[in-house]
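Both of the next two complexes hold subunit A, though its partner changes from subunit B to subunit C.
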Partner chain A sequence: MKILIFACKWCGLIGADGAGKKRIQLPTQFRVIPVECAALVEPDAVIRAFASGMTGVAVLGCHLGGCRFNHANHAAIKRLELLKTLLDATGIGGKRLLISFGTAHEDHQYAEVVKTFFDELEAMPSTAAWIS
Partner chain B sequence: MSGIAVFLCRCFGEVKRVIDLDSLQKEAERHNDVVSSAVCESLCLADDIEKTASRIGESGADKVVIGGCSHLARGGAAVDALVERGIKRSAIGLVDLREACAWIHKDDPERATEKAWDLISMEIAGLHHRRESDDVTVSVCPEAMIVGAGPAGLSAARTLAQMGFKVHLVERGSNPGGMLNLISHVYPSDEKASEKMKTFVDEVDKNSLINFYPKAKINSITGFAGNFNVQVSSSGGEQRLRAGAVILASGARVWLPHGLYRYGKLTNVITQMELERQFIKGPREIKTAVFIQCVGARNHERPYCATMCCPSSLKNAVRIKEENPDARVFILHRDIMTPGSVLEAYYRNALAKGVQFIRFEETNPPEMLGDEHVESVEVFDSISRMKRTLECDLVVLSTPLIPNDDNVKLAHMLGLQVDRYGFFSEIYPLHPLETRMDGVFICGSARWPVSSDNAIVQGEGAAAKAAALLGSKAFSALSLSRVPGEKFGHAAVNAEKCTGCGNCVAVCPFAACRLQKMGRKSIGRVNKLRCKACGNCVSVCPNGTVQLPEQDYRAVAAMIKQAFGGDSAL
Partner chain C sequence: MLEKIKNIARTILSEKQADGVLGLIKGQWDIIQPHIFESPVEVDALVIEPKWLLAKMAMTVLRSSREGYRLAVVVRGCDERALTELVKRNQIEKERLVTLGIACTAEQAQACICDRPYPQKLDCGEAVAGVDTLSVESVKELLAGDGPERMEKWANILKRCIKCYGCRNSCPICVCVPCKLEDQVWVETGVIPAEVLSYHLIRALHLSDTCVACGACQEACPVNIPLMALQMSMREMLRETYGYEAGLDPDRKSPILYDLCKEPAAGQALPDWVNSLRKDDES
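Here is the complex of A and B:
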């Protein structure tokens, strides 16, 4: 299991920080890349992550309408939803990309999002066959 | 000599308890790029920071990776302390080993150590590609443009002019005064509206620093904080104005209740504004008046309270009572909104004068009876649970203020955001008069419906905020951050690679990207002062021409490669 999380500095990362302070125990197999805004997550980066063997990729951003960069995350969610359909078409599966806006800015919410994503990915078929 | 120095913070044992820092240090020493590494007791102590800084100097490293607590805890402060000691911000990588690793993986020290090393090697890989945005410094044009000459705009103009700044006051109508020109008296002072405005209008007439542009229309606003270029067509013809700051005081307009309470069909069903107009003409003998509150407000379409309708109704109800003490006045309301001691006293005064209040439910609104005129109003009193029929010769509908139609156009030109109803958004919750665009301030009913008193106060506040900007001689692009903390950077275009597709122009939330003709092709340009580093342009650029130097695509790619021990397929 390899999960990559892109966490926006203003929501996802604050949730991650809070989860740490609350000592909420989480599975170890995820890595976080902090970004200034979820809009900075390039679709290429997500595809690159899958190509380098990630089981799942999550993008955590702020509430729609609560972005400090005006409507930046509206554009981001459209882009990522489009990418989901593309992932479906390629056979990777759109469900391996978690787009979660405004649900991870508090400690317990962050932990819940991460744990649920782990469980969902666990239930999916192994990706080992992709990479040989 | 170049290389990376790695410092691991023990955090008084908090990190050490879970993560094996000594093996991490050994691992770091084996890394090709690392020239120096050390485990410190606590990087939040000034002593350790001092030691760290001198060690970096000795080792000759030009980049630093700190493994400690998160940015929000003390990590950010440690980075700041190193920046103070002369290390570039872009050369410092902060790895969160405490909150994001040690504390959440307490039960699995072995894998936590593994993860800690991955996080550090990700940061080392990313640091290679991290650069700093070029900063620019611009001078400030010490003039302000104020859109709208209502109470908010006038008070902002007066405040700025008294401070000695030149003001361009742009007004859609032909006279200053805004909505106060349409009403007879203002609440809660019960002054004549024209008298209340007099001191402000006189200031516009006699202060040579205020240039008034009547019947003006804004065609375009370009530029950035300190240097806005505005094209205005007014009665004096088309003009180009330069301004260092823009204050939006364009106000709001009154919603007309077409289709509700048979407004427009019955002759004596009028709006609050029409009643005001009748009062301006002179006293009016009214025998029985019924005011209906929340017409078209606090419903599904407009769930907000416009705040000025209840006090306005109270004001006019009391006035009718004063002109004719035998008059019967009813206020049919859903709730009377009179916050604060002054307005509450206003409500009590109306009660004492004999104004009658009847509460109705949203689902069961009053009904108008009559053919051409209203003869009576039927209302179900939700407190006594009784139907009442009120004979009357005047029905006044209180309607809310709604945003101006051109708000969206202005917001688009300036890179602002409007809220879901169309009012300009402030920076919630700590900067009520500022917007996300530097140098653009909002006050009065353009940001939310307010009374004239509040509009005047907000105008003064916005003027004070603008003065802080106008008073500075120059500022740098990186110092402009409308979000807390340092500005992350700003996007830069590689002019050689750019194909001029215009994707970045379409997605920029701050109107910072534009296309510029360069010979036969056009290329994208990013305005460093407008850019807030959200990264939208970076994500849509088809060939990676636009990049944020602080986190460019190679940095992210390198981090992804190292995410799980560098054993990836790529």
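Here is the complex of A and C:
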């Protein structure tokens, strides 16, 4: 089980940082990639992450309307929703992609999001059929 | 129908509405091939069958011809939509393009799984109703089953890929230079079969909001991968949530390029705080 988290520098990353400082117990199989804005996460990058064997990918951004770059995350949410449709159609499952905006600014919130996502992924079948 | 289209083509050429008409010609040894008719006399050899997508060809011709050269194109529904998309993406100048629309027959629509087998500017032929794409048996079968079952099905299908890039090259709307599919960062080069996930999903996603469902990718595929079925669910999603269909309205840009306030999803009520930053541009 491997999870990749794209965390926006202004929200998700602050939450991740705080969770670390507070020593909140979290599952360990995830890596965080800081990005300037959630809109910089191309859907292609998410696909690439799945192709390189990630079980799940999370994109954490600021809440809608609270983006540093005006409406950038509005466009991001639309693009990623479209990707979810494609993932569903091919059977990978849109649930493997977590799009969460404005839910991980605080350390305990971040921990909660990551834990829930882990539990969800644990119940899902493996993607081994794709990666071989 | 053929006579009528020939007459229109002759009129266009004699009245100098366009400098050339791009269509199919039945030439020597009865070989059918695309051709640019430049004088009304030539037009006698014009044919309209079989289906041949001319949009990408029209783009190439317009790019390489002299400035101000106007081209008329014999188009079907899918061709017209593709041309509209190309105009929207600044690949073709709108003023240099004239279309001559012909409608497909019901059988052709069935064979192509086409939901709109007629152009919006219909010059001859009767528009027939399209088929409902997602209720066709072959598509249903591909999209049926739960997650793992469908994943296995698609993985097996896509593993047939020999990475000929036919789907990309034949697509009338794939025009990016450089292409991500040739980039080592995104898709590992020199590996067959292609990395199923990155190659196919990146290609499908790039076309998600521009796919006009012409079926050129599927026809070009030497190993019969049902590539259209990948696009259908995304097209359906765009139609349902934003009421958007690629290639219909030349003035409407794809909703995924906009924010939620400008192009909200159907029936979506945005909370006030989403709109708070826009107060000054609305007043």
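In this section, the second predicted complex is superposed on the first by the 131 of 132 C-alpha atoms of A that agree within 3 Å, B and C clash if a C-alpha of one lies under 4 Å from a C-alpha of the other, contacts with A are read in each partner's own complex, and residues count from 1 in each chain.
The rule we apply is simple: a contact is a pair of C-beta atoms (placed from the backbone, for glycine too) under 8 Å apart; a residue touches a chain by one contact, two chains touch by 3 or more.
In this text the structure is predicted, and so the values were computed from the model without any measurement.
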Subunit B versus subunit C as contact partner of A:G93, first or second or both or neither: second
Partner chain in contact with A:R79 - subunit B first, subunit C second, else both or neither: both
Touching partner for A:D44 - first (subunit B), second (subunit C), both, neither: both
Contacts of A:R68 with subunit B and subunit C, given as first, second, both or neither: first
Those residues of subunit A which subunit B touches in one complex and subunit C touches in the other: 43-44, 48, 51, 65, 70-71, 75, 79, 131
Subunit B contact footprint on subunit A (complex, rising order): 2, 4, 9-10, 13-14, 16-17, 19-21, 23-26, 28-29, 31-37, 39-45, 48-49, 51-54, 65, 67-72, 75-76, 79, 131
Subunit A to subunit C touching residues, read off their complex: 43-44, 47-48, 50-51, 64-66, 70-71, 74-75, 77-79, 81-83, 85-93, 124-125, 127, 129-131
Of subunit B, residues touching subunit A in the complex: 70-73, 96, 98-100, 103-108, 111-112, 114-115, 118-119, 122, 415-417, 420, 436, 482-483, 488, 507, 509-510, 532-536, 538-540, 548, 550-551, 553, 556-557, 559-561, 563-564, 568-570
Residues on subunit C engaged by subunit A in the complex (per definition of touch): 143, 145, 147-155, 180, 186, 195-198, 201-202, 204-206, 208-209, 229-230, 232-234, 237-238, 255-261, 270-271, 273-277
